[in-house]
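Presented sequentially are two complexes of chain A, the first with chain B as partner and the second with chain C.
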Partner chain A sequence: MIKAVMMMNTQGKPRLAKFYDFLVRCLPVEKQQELIRGVFSVLSSRPENVSNFLEIDSLFGPDSRLVYKHYATLYFVLVFDGSENELAMLDLIQVLVETLDKCFSNVCELDIVFNYSKMHTVLDEIVFGGQVLETRSDEVMKAVEEISKSEAASNSISLVPKSVSGWRGGR
Partner chain B sequence: MEQLKTIGRELAMGSQGGFGQSKEFLDLVKSIGEARSKAEEDRIVLSEIDILKRKLLEPDIPKRKMKEYIIRLVYIEMLGHDASFGYIHAVKMTHDDNLLLKRTGYLAVTLFLNEDHDLIILIVNTIQKDLRSDNYLVVCAALNAICRLINEETIPAVLPQVVDLLNHQKEAVRKKAIMALHRFHRKSPSSVSHLISNFRKRLCDNDPGVMGATLCPLFDLITEDVSSYKDLVSSFVSILKQVTERRLPKSYDYHQMPAPFIQIKLLKILALLGCGDKSASEIMSMVLGDLFRKCDSSTNIGNAILYECIRCISCIIPSPKLLEAAADAISKFLKSDSHNLKYMGIDGLGRLIKISPDIAEQHQLAVIDCLEDPDDTLKRKTFELLYKMTKSSNVEVIVDRMTDYMISINDNHYKTEIASRCVELAEQFAPSNQWFIQVIMNKVFEHAGDLVNIKVAHNLMRLIAEGFGEDDDDADSKLRLSAVESHLQIMSEPKLPSLFLQVISWVLGEYGTADGKYSASYISGKLCDVADAYSSDETVKGYAVSALMKIYAFEIASGRKVDVLPECQSLIEELLASHSTDLQQRAYELQALLALDARAVESILPLDASCEDIEVDKDLSFLNGYIQQAIESGAQPYISERERSCMLETTDYHSQDHHEVPSHALRFEAYERPKPSSLPTQASTELVPVPEPSYYSEAHQPISTSSVSERESSEIKLRLDGVKQKWGRPSYQSSTSASSTPPQAANGTSSHPDVGVGSSSLKPRSSYESKKPEIDPEKQRLAASLFGGSSTSRSDRKSSSGGHKPAKGTASKPPKENPIPVQPPPDLLDFGEPTATSVTATDPFKELEGLMDSSSQDGGSTDVMGVLYSDAAPVTTTTSVDSLLSELSDSSKGNPGTYQSQTSKGPNSKEALEKDALVRQMGVNPTSQNPTLFKDLLG
Partner chain C sequence: MASSNSLMDSLFQRSLEDLIKGLRLGESTFISRSLEEIRREIKLTDLSTKSVALQKLSYLAALHGVDMAWAAFHAVEVVSSSRFAHKRIGYHAIAQSFSDQTPVMLLITNQLRKDLNSSNEHEVSLALECLARIGTDDLARDLTSEVFTLLGSSKALVRKKAIGVVLRVFDKYPDAVKVCFKRLVENLESSDPQLLSAVVGVFCELTAKDPRSYLPLAPEFYKILVDSRNNWVLIKVLKIFAKLASIEPRLAKKVADPVCEHMRKQNVGKSLLFECIRTVFSSLSDQETALKLAVAKIREFLVDDDPNLKYLGLHALSIVAGKHLWAVLENKEAVVKAMSDEDPNVKLEALHLLMAMVNEDNVTEISRILMNYALKSDPLFCNEIIGSILVACSRDSYEIIVDFDWYVSLLGEMARVPHCQRGKEIEHQLIDIGTRVKDARLELVRVSRALLIDPALLGNQFLHPILSAAAWASGEYVEFSKSPYEIAEALLQPRTCLLPDSIRAIYIHSAFKVLVFSLGAYFSAQEPTSPPLAQESTSSGHSVVNGFTYNSISSLVNMIELGLCSLSGTIDVEVQERAKNVLGFIGMIKHEIAEKATSQNSETEAHRAIAFMEDVFSEELGPVSSTAQEKVPLPEGLELNENLEGLQEICREVLEPMAESDYSSDKVSFSVAKLRIRDQEEASSSLPPPLESSSLLAEHRKRHGLYYLSSQKSEDHNDREGNDNNTSNEYPPANEISVDSFKPKKKISKPRPVVVKLDEGDEPKRKPDASSSNDESLSRAIQTALMGKGKGKEKEKERVKENHEMNVDTENIEQSSRREKKNKKNGERSSKRSSRRQRGKEASVTKPVEVPDLLL
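== the complex of A and B ==
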């Protein structure tokens, strides 16, 4: 089971954090922040060119592993337990990033900051309740687009374009 | 000019609200991005909280505005500030009919609230309504919220609807409904125990995605109870076989692997089912063998599947052939330059070593390389492997390495773990007690004394007291003397851990003067020093005083005159007035003892009496009469703590042993007519009709060759390829440079007893590939001491190891066999012919092959999965051509030359640069060079 999905930038600012583990979810906000900070301090102390895996029992309880990937200014982090495969989780990050890249055409940190709800939509299509739901980024895209379309329809008086591509087209 | 442009854009953005957000939100993000310190950030957020608090109080807020406030609240909370004042508005927003607002509301609520929050009650009704919605997107949003918000009490309120959704026409909904049910199962197994058959039913869903989703709950269920799912072994095997034969629609391919995530889940399930079960292991052995042959070890996901196969083989009872295939895969991993693969290789080695202990031998140099790797994760994994392969012949080297590493790290959590492992190994395999005391005392206690279990200290004391166990008093007293000597030496070091000092005090008290080498006044002076130096630690003081008492007692008993040192006297006086009653008592006892005569003292504290058994009456039976008396006179009988806690109804949500759903006081169906409870009972009926699956015929239409070529020519594909490139290259190549860095001095082997001191440990190491002919002699020696064979060449090693190792043939035999073939219960799903496969007595491979053949020939009624996928059979030729084509085109794209030319004319670079400029402007990330994620795509 996946316990948490996190994104943070290289200065340690959280960009997205989603916890699936029951115990972690019941922690107060400050404790969750401590976890994020703890993860960041471990990640930032890792040298380059080493493995993407960490055993992180000290923060998330026994049998917790962490897989991370560093893209430009962002860390993508997955925390999970022994019932998942580390290499597969690494590919799941890849799926997520590929999907985001399609979604925002050349995704960058700013997209993630400003399109908070869309980020979550994408993530919810991939990971659901701590389990891997879908790994085909085309399918995820289809679902996300359908949601956006239907949101736009229900919100026809919308004055504001909703995606980056819309913003770009507007200029 | 450039400046003007950026200013212009900023103005345009401000008015328009780029990224679909208002100017206020942009400003907030910007100012937080520019904050120089945490304090400044906090200040900004606090003022934002004030603003939002004020704004939320305004009457008649337009909905669009409200949505933005809520997004801002979410943002604030993500930064670690309390946004609870706005929760209620998020809850209200979920009630909205507008999909956008509803989804925003659900998102905020799922992020704000946990399962036990009071506001959940207000949402349950909305969720119930939404689950029944005609719009499947609304249903999905509600299902998503369920997973994160529903607690044990509210499960019954939504359960019927979720079960209904298992038959929804949209596969996306079915999938999510299964996941929601799975989540309920995790939260409270009893609440859905009657619905478990649904998971089996969904296993043969028309949609492979739904089938894949079902594997998640089934994995959990099988983990809990293997035996009741043995009947599914052949079904899982046949699904896996069909997946690997590319019978699934091509859209399930990921990096040319067919549905890898489904394969991995299936392998995990097979590992559970085949554990210790010979017949099940035989059924799955053919498909495992196929997987080893088919897996593409050049992609990450291919390696993921290979690793999962290794894992599976380490769980089941494998055939020698499979074991060999697994060993080959492991050696490929270990030889790889990627740290990730090395990690997986070490992990696999650790798993396989249980079945065939001599497998590690051929990888000894690779293992030692990993041990000296700068990557901490890899190093720790390797220590785990060493821990697993420790035996009495190599324990000294391994524990030595472990303690060295333990001393070098600061992570207390891991320090504790590795210290306890050292102790465990030392206790189990110690070649001599002398060594044990040296290692545990000098290394583990000195450096991690505060972290190890107190039991370790007690064990150490007992070991010193009991000695070798045999009646060899001479050796025992030598051991004690050496313990005393090394303790006296270590004592002078500053800041020793409390636990270690306790052991030291105890040993000095018992045996300090036993040999007559040290005088009583010398030892007592040392003990007083300890008590003085660690005056804040009462336990240590207590031990020290008791030790003093023993020393003086032995002196008195042997008839010598005791002269109490002045510092001891002052210590005793100080303790007589101590705040701690324990210390006071000890001091008074000591004082009293000093006044007694030799005979009395000897009977109070006889010499070396610590080993004498004291009979403890745990049941306190001598009090029975008293209790009887008390009960007779009307006292309540004692109830043990365990019984008392059972009587209290704990409502802790993760207590697994609740067998009945707690009757919840709230009725969520208050506004409806009470439902007849027919739904759950209907669902719990045992027999599950197998739906006629027919999705492959339709699923195959869209994946014709044209769609593939179309996708290949599209721009998305182009960029994606680059992504893959990025994915593949840095991690797989970079490690060559890492492996040539000199090993850290801290990890040098200079401290080894059997290795030359200060030799070549600082020499730069050549990479593993090239050093075969000339291997660092030191490393060779280390390898020899770890693995018990010389490592000059492989053939040499084999011949030398042949003597003291069991022959390979016998070693690789399955350790235990299950003589009783498991007779599967009646097959619910009627997959294939399980009886035929499970009763096999002859060659399982042939039998299985025959089964597969017959199923694909007559298809008809026997093999459901066969029918499922049989439509795909005619298409296989075209798919193979497709894959060949795509591979070809892929390999041409993998060529760096073409790759760069493609990217340089790609349309994205300008956009990305623009975005970059914007990022800088926004100040989200002022220090970064180019915040675009795929910057190396831009060249």
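== the complex of A and C ==
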């Protein structure tokens, strides 16, 4: 299964971090931050043009592997165990990036910074509880658009009553 | 007033985007200010405000490490909103922050149930996602029937997520198998590749934990393997078969054909090809055609320019190396070439493969070449190299080593590699060889001497363990030493103050052994030799080795006395006590040394004392089996097998959180970068203050030459070094590592010395299987589900019987422990006994599971 998905920029600032491994997910947040920093310090020490895989048992427990890809100012990182194929995981990063590119047309770091919630929507369609469930970016896009629509619909009803309910609730 | 406040809060609330903009301007103060706002906003009754506050909090928790456990109840409030946007925020927060210990966990069961039954497929997926990530035992139990319904959903989006959630539900609540398993299996025949991918993924995870239970599904998986065209699906099925074939060899034969077919396809994806190769290497390596094809295909990876493929190719080879070394040998050019790759991963894999190819004919040459590599590599890789040489050479009681003199001097060389941090392993091997291989002791003493007399080595804390071994060997095997005097001098040199106290104690004890040996030789000499010129004759080391004269012995005694005087006031009790012991001994015999020179009376008190001490040290120390402790008979009346279940119950609460914190502190907080920094710090802090010590060292060297000893001896040493250089030049330089080195050369110059081996305990003990009870109950449930109802009842009976047997077993423990005492092979026996129960259980559980004949 996939244990974690992370995105961070080349300065080490996390842009997205999602943990599926139960042990890691239940760690206190400071420990999770430490993990992210640990991953970054390994990544930043690697030269360009070398392989994209790392054995990372020291951070994520036995049988942990990491694959990363460096796009412009961002690192995309997947941590997974022996039930995933390394090259398939590399492809999955590609799927994720392609989908984001469709989502934001020419995705850049700022898109990812300011669309935190949409990022999660995209990711949740691809990876579900550590399992890869969708690899076609068109399908992901379709689901993401539907979700955005139903979100917008549920919010538009609320626009007017918001202040009113505030009044009532206060009284 | 309160109302206007809340209105203001709602109207002018910062959105998540505002928060992010603010964070980009300046972090630390902004976070704490925002947190205050969030704490206020989240308490308001208006759900929109509340949800935005929760959203901001989840963001800060995920990316800025802010704690959000306190907001658990508010997350429950938000998730209960009827609006989809709120729900999303609520579920996101819950999935991110809830753990098994969250007290409000119970409150979300009904909400989850409601949303699982929702008509909006995206609401259903939110609930499923949440369940997949935080599902507890209770949630899994209470929501099993909803999951069952969703497994049959007509909407693909919902159905594939329901399939995904099954993994969590089974894991937490094995009885859910009875309800859901049939529908899950039905999905294996789905025509939708996404559904198939999901269900195969689930089975891949399940099979990895307990392959045996899923053997009956082999025909279904086989069909997918042959029919599917989807790489994702095929990869997962291959992974399943890799597990199944390793427990059912007949399956391997059957699967080999379709796997080969996938490999032969022209435009097969690299990921699938790699998975095929890995499957063949790990589980189908007995199938000759498949293995040959896979080895041929792996070459494409090894020669590819893509470092990823090269790395994976080498990695796959290392899987097969143990069983079919020829596969590696066929690709040795690529392996050797990879040693000088710029990618550290590739280098490391190549190193492992290289070590797999080492045998007794080429070990000398490969080690020589690798040592040259080590000198040029970065510290990390350098130590990897040294470590793998140590492991490869010591395997099976040094099986591949013929020339131990060479190996011992290689160990000595390792100590002189600047980055060497493998002191512990080298220490262990030096002592191990000393105790096991008699013929190597002469060389061991020579190497130890070279290490001990070099004062520079004392400054490197990573070498301290090696020095400790060298000191021990010099003392224990002092009879091989050419000049006991210089050994004693080296053991007591001033810079030994840099050693930790435990090792200093070993130094002193070794000096004691040297002293006793020298005195013994002096007193047992038939007639006292004439006093003059004695000092020279011993120190030159060429004449009579054991020829001690009055002058030489008294200068040795004086030197030891002088060296130990300052130590008798050390704070460390071990050092102090040993120093005082030696001083006391010297005090006892000192005056009689002088008498011996004049009188002929051999039966003095000192003579007896020395003879006694010699006796004490003369008994040979042998290797000790790691199971030796178990061979010690149990003393009467000591009950070791007493049932301590009660205690365990009491301790559980105390132990569990500890285990958790262990995990976090050991595994998680560890990071390579930190380690490096710490190493540097330690190294720098362990070094003595630079100014003072370096001037001391310089002065010291001026006085004694580079080495501690007088010029005559250092000449002797230089000679030897010269020889070393000559021999090392004979080997090819590192970059010209030739393929020929792997060809077996038949030149046996001298017979291999005897290596003392122990019957047992040399190999590390196998750990007993520790499968958790939950896994067991899951596999039982699966097996029951796969066998139908009738046999299920039989199973129940069996289980009852088993439990009964277990009780009997515990009653029998006392009896069996008594039996054990009589048994000679206690170590092996007891481990067998402890696993017997488990194996028995396994056997009874797994017997009925058989692969249907149609497949075999």
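The definition used in the following text is that the second predicted complex is superposed on the first by the 156 of 171 C-alpha atoms of A that agree within 3 Å, B and C clash if a C-alpha of one lies under 4 Å from a C-alpha of the other, contacts with A are read in each partner's own complex, and residues count from 1 in each chain.
Throughout what follows, a residue touches a chain if its C-beta (ideal position, glycine included) is under 8 Å from a C-beta of that chain, and two chains touch if they have at least 3 such contacts.
Source: prediction; values computed, not measured.
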item: Touching partner for A:Cys108 - first (chain B), second (chain C), both, neither; value: first
item: Partner chain(s) touched by A:Leu35 [first = chain B, second = chain C, both, neither]; value: second
item: First, second, both or neither for A:Thr10, with chain B first and chain C second; value: first
item: Touched partner set for A:Ala72, first chain B, second chain C, both or neither; value: first
item: First (chain B), second (chain C), both or neither touched by A:Gln94; value: first
item: Which superposed partner A:Ala143 touches (first chain B, second chain C, both, neither); value: both
item: Common interface residues of chain A - those touching chain B in one complex and chain C in the other; value: 1, 13-14, 16-18, 23, 25-26, 29-30, 32-33, 46-47, 49-54, 58, 83, 85-88, 90-91, 113-114, 116-117, 120, 124, 128-136, 139, 143, 146-147, 150-152, 154-155, 158, 162-163, 166-167, 170-171
item: Chain B-facing residues of chain A, complex; value: 1, 9-11, 13-14, 16-18, 22-23, 25-26, 29-30, 32-33, 46-55, 57-58, 71-74, 83, 85-88, 90-91, 94-95, 97-98, 101-102, 105-111, 113-117, 120-121, 124, 128-136, 138-139, 143, 146-147, 150-152, 154-155, 158-164, 166-168, 170-171
item: Of all residues in chain B, those that touch chain A in their complex; value: 12, 16-22, 25-26, 29, 64, 71, 74-75, 77-82, 97-101, 103-104, 107, 111, 114-116, 135, 137, 144, 147-148, 172, 175-176, 179-180, 182-183, 186-187, 209, 213, 216, 219, 223, 251-252, 254-255, 260-261, 264, 268, 300-301, 303-304, 307-308, 338-340, 342-344, 373-378, 380-381, 411, 413-414, 417, 653-654, 716, 719-720, 723, 727, 730-731, 734-735, 737-738, 908, 911-912, 915-916, 918-919, 922, 924-925, 927-928, 930-935
item: Contact footprint of chain C on chain A as seen in their complex; value: 1, 13-18, 20, 23-35, 37-38, 41-42, 45-47, 49-54, 58-61, 82-83, 85-88, 90-91, 113-114, 116-117, 120, 124, 128-136, 139, 143, 146-147, 150-155, 157-158, 162-163, 165-167, 169-171
item: Touching residues (chain side chain C, partner chain A) in the complex; value: 2-4, 6-7, 10-11, 16-17, 20, 24, 44-46, 48-49, 55, 59, 61-68, 83-86, 88-89, 92, 99-100, 120, 122, 125, 128-129, 132-133, 157, 160-161, 164-165, 167-168, 194, 197-198, 201-202, 204-205, 208, 231-232, 235-236, 239, 269-271, 274-275, 307-308, 310-312, 342-346, 663-664, 667-674
